[in-house]
Amino acid sequence: MAIVLGSNQYGKAETRLVRFVRDSPRHQITDLNVTTALRGDFSAAYLDGDQSAVLPTDTQKNSAYVWAKTHAVDPIEEYGLSLARHFVEDVEPVEAARIEIEQFGWTRVVAQDGEHDHTWIRSGQEVRTAAVTVEAGGEHVVQGLKDLVVLKSTGSAFKDFLTDEYTTLRPTDDRVMATSLVARWRVSGDRLEGIDWNAMYVGVRAVMLERFANLHSLALQQTLWHMGRAAIEAYPQIAEVRLKAPNKHHFLVDFSAFDLENDGEVFHADDRPYGLIEATVERDDGPPSGDAWRFSAGLA
Amino acid sequence: MAIVLGSNQYGKAETRLVRFVRDSPRHQITDLNVTTALRGDFSAAYLDGDQSAVLPTDTQKNSAYVWAKTHAVDPIEEYGLSLARHFVEDVEPVEAARIEIEQFGWTRVVAQDGEHDHTWIRSGQEVRTAAVTVEAGGEHVVQGLKDLVVLKSTGSAFKDFLTDEYTTLRPTDDRVMATSLVARWRVSGDRLEGIDWNAMYVGVRAVMLERFANLHSLALQQTLWHMGRAAIEAYPQIAEVRLKAPNKHHFLVDFSAFDLENDGEVFHADDRPYGLIEATVERDDGPPSGDAWRFSAGLA
Amino acid sequence: MAIVLGSNQYGKAETRLVRFVRDSPRHQITDLNVTTALRGDFSAAYLDGDQSAVLPTDTQKNSAYVWAKTHAVDPIEEYGLSLARHFVEDVEPVEAARIEIEQFGWTRVVAQDGEHDHTWIRSGQEVRTAAVTVEAGGEHVVQGLKDLVVLKSTGSAFKDFLTDEYTTLRPTDDRVMATSLVARWRVSGDRLEGIDWNAMYVGVRAVMLERFANLHSLALQQTLWHMGRAAIEAYPQIAEVRLKAPNKHHFLVDFSAFDLENDGEVFHADDRPYGLIEATVERDDGPPSGDAWRFSAGLA
Amino acid sequence: MAIVLGSNQYGKAETRLVRFVRDSPRHQITDLNVTTALRGDFSAAYLDGDQSAVLPTDTQKNSAYVWAKTHAVDPIEEYGLSLARHFVEDVEPVEAARIEIEQFGWTRVVAQDGEHDHTWIRSGQEVRTAAVTVEAGGEHVVQGLKDLVVLKSTGSAFKDFLTDEYTTLRPTDDRVMATSLVARWRVSGDRLEGIDWNAMYVGVRAVMLERFANLHSLALQQTLWHMGRAAIEAYPQIAEVRLKAPNKHHFLVDFSAFDLENDGEVFHADDRPYGLIEATVERDDGPPSGDAWRFSAGLA
């Protein structure tokens, strides 16, 4: 028996980087949280404390900042690919790089003269995400979103489920369905060519929301399946979609003690526990994922 | 010397209440976090554990739910006033009531057929707040907002400040100014009559954002003063405005080691520490505040 | 009618400062979160953007760091008094200063050789707090703690309470009582002389915990009263104690559908809503509080 | 091309369950956050909304509560194994179950009479974790901890690292090293037999802390390797250890402008960005991990 080093990576998590474009009076803002992680043969650092092959995480941070000056940060997927390729191509011991990015949305303030040139408010809780992996076997971009909180007040049922001796839940034909969606979709290899990432983001988000809204749902599972399917149907480049959806329970408040009826009007929004559905929807002839999903580094 | 009971209140914090109106296929949603607090002579509960004058916090929660069925919850200020008056008028030992409400925004999903009838996404981090106090001396409504994150990429300076031996900050003519604004404005007594609360909320928010955007700022203090002043000028009913603004620092990344210039383009958004400016702007003939600001109960 | 500037303060919030003493191989650690706030006539900054009387918040941060080098940081109350006096005495426009400090606990790692000289683990969620105010009218120290989570599994009842038509709660002779305590106690003026702050902190905490544990509680109100009273009885310097206690509800899980009994054994720990009790216990001949409680700056 | 359902699971996340043992006046407390997830052929739920094979997540919650009544919850690993086996053996469509548990620590209040019988305070931020997987291929327990914040004020260097044109970091012989450790160690198959889980938890934690404290560290990577190695050496049942360690940076405050020296005494504890090291240490003849690490369900 021997004890050996298994898979590992290291990097700089959560570099909070804001990039402005100020070429004209109408400025542009891109607000990012960037995490970089490098892979390769770093065993000497672990086994002997030998750092001669280790590019400091501080340098990775500097590189992220410099790249934001010398390369476009919008779309974030291109920025991530460029930065990842730099680490793999220019830093000798690095065999693979993973760049994770969160993009926070901003909306221009609208005053009497219309949209303001250089003032914004944070728009929404929703975060656009990207996870770029550049490795010997190829390149992968996982585009996505998280914290997209969506709710429908009807058009959702849950009934005819399996029961056992511990089941007390009553079936329902009409309930509130709400979730805080995490969705990620992967594009790999030569399908990365020529993608308009901003358009894909808007497009996938739109078809997912349409399905959530318009599908009469018999279960959150069914809704997720149709959301993932719609994304893959809309974009042939997408190899797979991964979805993680907490079922944020809204419980009808019991008014029976007060001689009142509650016709689906007053709910308690509960915190914990919550149902949690996790699913993958795949194109059966898509390229393999390689290490695209390995080690989600610093960002939840 | 004696030890005596000083000021006190008790209540139920953070009842998460969602109210739908389903009278037509186009549903309405109001999503609230409600905190109630009661004041009066509850000394027997403290000194002797005698609960005979104590309406349970569980009952306060039930009352908040029932009121959401039997009274309009929109605008939240009217709902709060009604619920507060109920406690003061109908529950004998209660001398004053304070209702704090957070309202979370939702926006209809837009699909190909336009705005959806019963599906929404959470809009923004910004929270609308209300703190209603009904007491012997009168009634007060403190309307407000929090978590309104706003940023301008130019039009802000900080220079000609006081220095001492511990000062290392360099003056600047052009910086990023960003804050996560907490603003609260008070209306008291007979000025409460006939207010269109939703219009006031929209109006105060608009004039504050206009001032933030368009005032060339020499300091966050100056910006706050003008924001508060604009609100009072726009609404004669408002007696005072209280503002709390963290200066969310954006530091220019130093590129001097890389033979690059940073012309206000790449910033590090820092977490801590942060400047914090707190100020009150008042109408000098406004009605007094009574206990309107006493004990901010459960909500930050 | 005129619009005027009301009360205001500004400062630097949440300077995260760690101080080591390394005079011997056995190091000491003090881990602080320091917030400074200054008061005075800063109206020119608000009205005209004139910063000539404004010491930058960045300088306040530098001063907090320098003081940590040149003065003892332990006990935090002495450090806060020294820093506050510096601002009031040495910076001309400053009329009053408020220093808020959170102290995070660390415990030495114990290895085979006993306590380690220079390695610690964070101990507990509990945070020791201090809020020091130095103003023309005198000096105040509010010592305290927060996030002290305490629970008793018996010895607590809630019954014989007031009921109305919205009451559904059942009385109980035996319940779980749990809270996340915030307690603050004020010492003012010449009673500040010669206090052993670390001993007072340990002592107040001990008598409060003893009362929580050993008092058969008829209500959280009663428990708080006795906790505050015990602190004042133990320390004649303390003028008042303020307590804020969320009632962290533990609900007995209903096993009636499963032919099982739940004899106070299995509980659901709920998140929201929660009861919230806020109370002050005072010495009736204590010195007045002045602005000791005004504007709790950056720290919850 | 077809679109197909890939890997998936569903369950109830974060059931907050507190179990008391009250057989004698000296009560016992076990405070848990339990997440259950089930796997199997649930494709009908996704594709057709057919719930006939779906045991509701509400039932999973009920089962977790009932098991806490009818089975010991301490150690959590045995409780998790029992609950997981129940789902796999008793619920027909279930092919695999994963139970994730967080255990929060409590310490008895010590009053003048010694340890209190039924009153506790929450001890520490550190959380003990378990992830139990029962599947056709076998059983796995991943024991672990998270949020163990540990710091050493000397005995750590970082130098002789790789540099490139973006490197500005200076090497150091003596720095503060701090992390908030996440450590998980896997035991699989027949090596699960007869383990004293509580002793293993205490033992692994102790050897890891000893290594962190006593190893003169040339890099966090080296420290992690030795921590993982020590755990595997101490317990032959452990097949692998996975470690995730943010490098919580402590920056020496620059006093050069103030004519002061900072001999490793005053540091700024920064929030973001942070280094992040992730590594696996393995026994080369250990049993395979199967799905033991697949889908970390509801708990971070």
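A, B, C and D are the chain letters, set down in written order, and residue numbers restart from 1 in every chain.
Rule of thumb we're sticking to: contacts are C-beta pairs under 8 Å (C-beta built on N, C-alpha and C of every residue); 3 or more make two chains touch, one makes a residue touch a chain.
The model shown is predicted, which means the values in this text are computed figures rather than measured ones.
K.L.:
Same interface as C-D shows up in which of A-C, A-B or B-C, over half of contact pairs matched?
P.N.:
Checking each pair in A-C, A-B or B-C, only one repeats C-D, namely A-B.
K.L.:
For the chain pairs A-D and B-D, which is connected through the larger number of C-beta pairs in contact?
P.N.:
Between B-D and A-D, the larger count of C-beta pairs in contact belongs to A-D.
K.L.:
Just give me the whole-number Å value for how far the CA centre of subunit A lies from that of subunit D.
P.N.:
23
K.L.:
Once you find the CA centre of subunit A and the CA centre of subunit B, what distance in Å lies between them?
P.N.:
Whole-Å distance between the two chain centres: 31.
K.L.:
With centres defined as the mean C-alpha position, give me the subunit B-subunit D separation in Å.
P.N.:
That gives a centre separation of 38 Å.
K.L.:
Residues of subunit B that touch two or more other chains: which are they?
P.N.:
Residue numbers touching two or more other chains: 15-16, 62, 66, 166, 168, 258, 271-272.
K.L.:
Residue numbers of subunit D touching subunit B in their complex, please.
P.N.:
165-166, 168, 257-258, 271-272
K.L.:
Residue numbers of subunit B touching subunit C in their complex, please.
P.N.:
Residues 1-16, 35, 37, 42, 45-59, 61-63, 66, 90-91, 93, 158-164, 166-169, 217-219, 221-222, 224-225, 228-229, 232-233, 240, 246-247, 272-285, 295, 297-298, 300 of subunit B touch subunit C in their complex.
K.L.:
Give every residue of subunit C touching subunit D within the complex, in rising order.
P.N.:
Touch list, subunit C to subunit D: 15-22, 27, 29, 31, 62, 65-66, 68-70, 106, 109, 111-112, 116, 118-126, 148-155, 176, 206, 209-210, 212-214, 250, 253, 255, 258, 260, 262-271.
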